[in-house]
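So, here come the structures, one by one.
Here come two complexes built around subunit A, the first alongside subunit B, the second alongside subunit C.
Now for the complex of A and B:
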């Protein structure tokens, strides 16, 4: 018995460690939603509608992927929505008023996002400002800067028709004819893979969990906590930059007044996916599922003709349930 | 003597897959201090949790004041007059002493609409006087010393008319003077007929304070004896089921090895004043002193956890600039905090992650990917070498015992190849058997050429392990002892040698 117990225990520990159970619950909820909506309406489980759902997930999904990093440190980034807008405005300025190079525009947008993230990280780690306040400030600053730079008017990508194809083109059709899935969907899943590798296979990911688990113990283990925190906020910012490109490409314009409110949807997706707001626990797969749950819900409720006002109420309830379920799980763990 | 106050017999408690208690008994008389001792995991707390209604027993009987009693929840225990003082105090720091004492049952006036502060103060003073505790009821609890806070907890328990008081490691954070004060209060409680269950790891105390001693081991009752008849060796032998060797090796260490760490004129606020010393290779340097003498502050300043105001640190002959812990770690200095859960461990992460945490860059490929296999191998090897008892290196550290957690922290620094190790109370909260293992480990590390600074409040421990002993008092270094001078008496003399 002495011999048997440890092996089963260690298996249990591995099970817990990978968070398999946690993802299973979120995943099961997603499947359940899909089954319920498919049964309620013949219009739900159709190729075009599913593609629509995936496309709708892309922008908030990429924001949520980025937010996952900061949330695992036990922090929060309220600026991701407006940083996204700021990045798309930068892309617009470079492409429409500057060089006209799409590649340069993309690079500029991601760099702008990363820079904003670094600024948040600096305020949080060097100036010791609580993440909520620091990123609130960055949110307001980027919101204002977007309006200043653009002169409060949308920037249209009129001279570069290829820009719209970044999100809405269907490059996959070149390989599988008739399989018209927009690039944005693949970009989202691609970013998810990158995020997942960063979090589970690199040193940033390890330190990310360590910081969220016990920052003081991490510091006393000789980890340069301040530096890594800036790195983590920078990653979150860079993801916002990618989201900015997707957003601008979908709208074929940079809309400087948009963006606020997206950060809350991103946080909701992360939390539904089982990442703990108190830090130390979370996963990218969870966030992907969380983002999908949000857009499946929105889409399904719309198909069932639930008024938009009520959709918001229901999604709020889902966030509450998800966090509650997470707390019960933790109490039992 | 008639019927005892409490008689627990045949107590059994099962948790899923574990028999935590089997056929346990315990008796407590009115006006008695009955010490309950045993290693961590021996079942002391479980037994006391049954008595205070936290857990329900699966079998056995509790006879309280001559009557068979069921204690289904903590409220019932409180109503019966069974109180407990936990190791972690349960007071609200921002409220006053009086507000804390009567929280949830505040005296009111005007048909219960307003709080009656005068009455509150009167009642508080009444209870404080009962135990002769000298505290202003209007002081905020946060402004009191830990010892005073503990007194307030005792007064609070008493104000619920407790007849049984359980104290869990009450002296763990107290200075000698404060312990004497606590013992005086315990004496007063005894004479008023309160029965006291006293849980402690400090053997020396038991002889002073306890009337009887009950030993538990592995969830079973071992024996009960009058404290006067019990020798420390005998109690420990009963607790661990084997004899522990006791010896002193002061002065037997490396005489004139090279100096690996030199501290010159270190100062920080009022906690550390002009501290200087040298640490030689392969040496265990003990730092003794009372609580609050500034020993932890010295360690933290050397390690870069706090910034010193003045002073110089020389590592292996070279002046070091240590501004952050990562600077110290790069120089091969490791620090084991007295509070490993807060400062040493990532409690929700597993053994492997914790052991590797200080050395992650070593397990990184040039491409940036982590070499998980290599990391696991290193952790596995270290866990084996340190004899860490765990079902696997992927077990979360929160499920390990205190001794094994401590070994995980040691492992962290060994994987990092640190050769200057600062141990701050390395055996705090660790049971007797595991203590012996940690001692052996420290000696082995020193023999392998690691240099160790060991801060400890337990004199037998510091006398047993150290080659040299430094004594601190109120932030100053008051002396260095080695050889025959190193005795408990001399240490205490230096430790109480206030301001020159």
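Now for the complex of A and C:
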């Protein structure tokens, strides 16, 4: 890149190019939404409701964090929702039918998620199947396997009451009494920090952006593109595994028939957060904000008793606007 | 390059082998419930298309096309259909689309079932108008059709075995009114706004409240698709928006469990919760008192009567136009009674 004189104009250009503009736009939209809903209903800006929004963000939020990695490569992962379910079923099998060890169940769920991710990555990079198709296949397989393994029945965690506390316990109260925020919220933010560090401080993150910007250039500069793609899809899968634990813990059961459709919400959150579907650009902070926008919008519209048909229309409109804003930004950059 | 090519070949071969294996397995196994002798004697190919083009079948085949498959309710219906199949010595297959919105998928299933030239068909139509052209085909081919779970807007089905959802939801409304003392704000969490059961349960409940309890106000009705997690989050929003809420009705298992989760998370055990159907989580909530009670249908009875009525129609016996399979109120006092227990599924 050519060094430009730091005039105010080129500073604006840099500002736009780094994606800070979109992030700011997304953040400003989030604040605006919160202000509008707070003004429209006295019941919106209340501690319990804000906690409710954060808790509702946790599952799709963690899925969206994981999806960010694959989307930055210019790929897509349609399997995250059903891989989440598959992981929760694996946790159920280990904890309820197996050893009864919660730690082992968590490890098994994350490993199962990672394995599914690796399978997607393998299909994409080694078998050269387009990500859309490869992950569609994994989506179907994991959906079916969840039903097969569970015998089409939910698996309950009734013998291990501590399992429900993973998401719904309020460990923070031990430090700040009366501050009853469920663990799931902290797990979500913790996973966001991990994702952000992975993306900005490690070699995986650097290669992730390199792959997404120009795969051919990345290959020519000696990056083992195939191997790193598998690594990236595996990371996405592991995040789905964590989401699976959160979901199972919150419902105190692994529900084998759920999960499909969550991937689209995750993708929407990522896109609203300014990560480009054509790859090479994106950020975890953006995804966190995108996920929060989705759940603030859903919650706020419900609080205002907007008919559900219209809620869906409005959320669809927001996704459209977000993608359009992204395109305009790219054209100007 | 060579290595990857041969690898690709191997992968494709493995996949094909796996698919063939799976097909073979389903042809032999789940493809013919209650027809053990037939399945063992005949090769798997003919088991998959029983009695094709034979005028006098040695085995009566009745495909059961359901609205769903994964949901426990449908598994209980399936159990009932298998019970009837065993009792009558007929062969049934049970299939249904993944979600109760996949009208197109169900039509494909119905078409495929008709192509097998069965002796009768049992159908729980997702969209009662969309299936009419295929029902006319069935009529032309002299294949009697029996509806189950919900009716079809047509006189082609010789009979329909179903719960009267309007009446069942009205019972839930009466119970709600009784438990909240005849006045106050209530809300509904419904599984969807287009399916027959969703519409009937919502309207049956609403009409009963409007007609009989002027002091009760329904302040909100939201739809969670029967998804436990979504229903939980949306119920929490309803409670936040209406802090004075006294009761919530959940219209199916996923909705009802979502409502229970929400009052648990918000520590609002004072809200009266009324559910629908059963399932372990809902039964536990009733036992622990978090849920006041629920209306249960008789899913096994529905499946049983669907097959039995289809069999009777094929045999030319008289069948009632509607078979009311019934519904019952249950709470922690009668949940383990002889009358209720067989109707519940975990």
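Just so we're on the same page, the second predicted complex is superposed on the first by the 316 of 333 C-alpha atoms of A that agree within 3 Å, B and C clash if a C-alpha of one lies under 4 Å from a C-alpha of the other, contacts with A are read in each partner's own complex, and residues count from 1 in each chain.
As a convention for this text, a residue touches a chain if its C-beta (ideal position, glycine included) is under 8 Å from a C-beta of that chain, and two chains touch if they have at least 3 such contacts.
All of these numbers come straight from a predicted model, not from anything done at the bench.
J.: Go through the superposed model and pick first if A:299 touches only subunit B, second if only subunit C, both, or neither.
T.: A:299 sits against subunit C, while subunit B stays out of touch.
J.: Would you sort A:127 into first (subunit B), second (subunit C), both or neither based on which partner it touches?
T.: In the superposition, A:127 touches subunit C alone.
J.: I'd like to know which partner A:281 touches here: subunit B for first, subunit C for second, both or neither.
T.: first
J.: Would you mind checking which one, subunit B or subunit C, touches more residues on subunit A?
T.: In the superposed model, C touches more residues of subunit A.
J.: Quick one: classify A:203 as touching subunit B (first), subunit C (second), both or neither.
T.: Only subunit B is touched by A:203; subunit C is not.
J.: Which partner chains sit in contact with A:188 here, subunit B, subunit C, both or neither? Use first/second/both/neither.
T.: neither
J.: Answer with first, second, both or neither: which of subunit B and subunit C does A:220 touch in the superposed model?
T.: Touch status of A:220: first partner only.
J.: Taking the touch rule as given, give the residues of subunit B at its contact with subunit A in the complex, in rising order.
T.: 17, 303, 305, 324-326, 328-330, 335, 337, 342-350, 353, 357-358, 360-361, 364, 368-370, 391-392, 394-396, 412, 416
J.: Flag every residue of subunit A that touches subunit C in the complex, lowest number first.
T.: 41, 43-44, 46, 48-49, 52, 55-56, 59, 126-127, 147, 152-154, 156, 158, 168, 182, 247, 250-253, 255-258, 260, 295, 298-299, 302-305, 308-309
J.: For subunit C, which residues count as touching subunit A in their complex?
T.: Listed in rising order, the residues are 4, 7-8, 11, 69-72, 75, 98, 193, 219-220, 222-223, 227-229, 232-234, 236-238, 240-243, 257, 261, 265-266, 279-281, 284, 346.
J.: Taking the complex as given, what residues does subunit A use to touch subunit B?
T.: Residues 5-7, 9-10, 13-14, 16-17, 201-203, 206-207, 209-210, 213-214, 216-224, 280-281.
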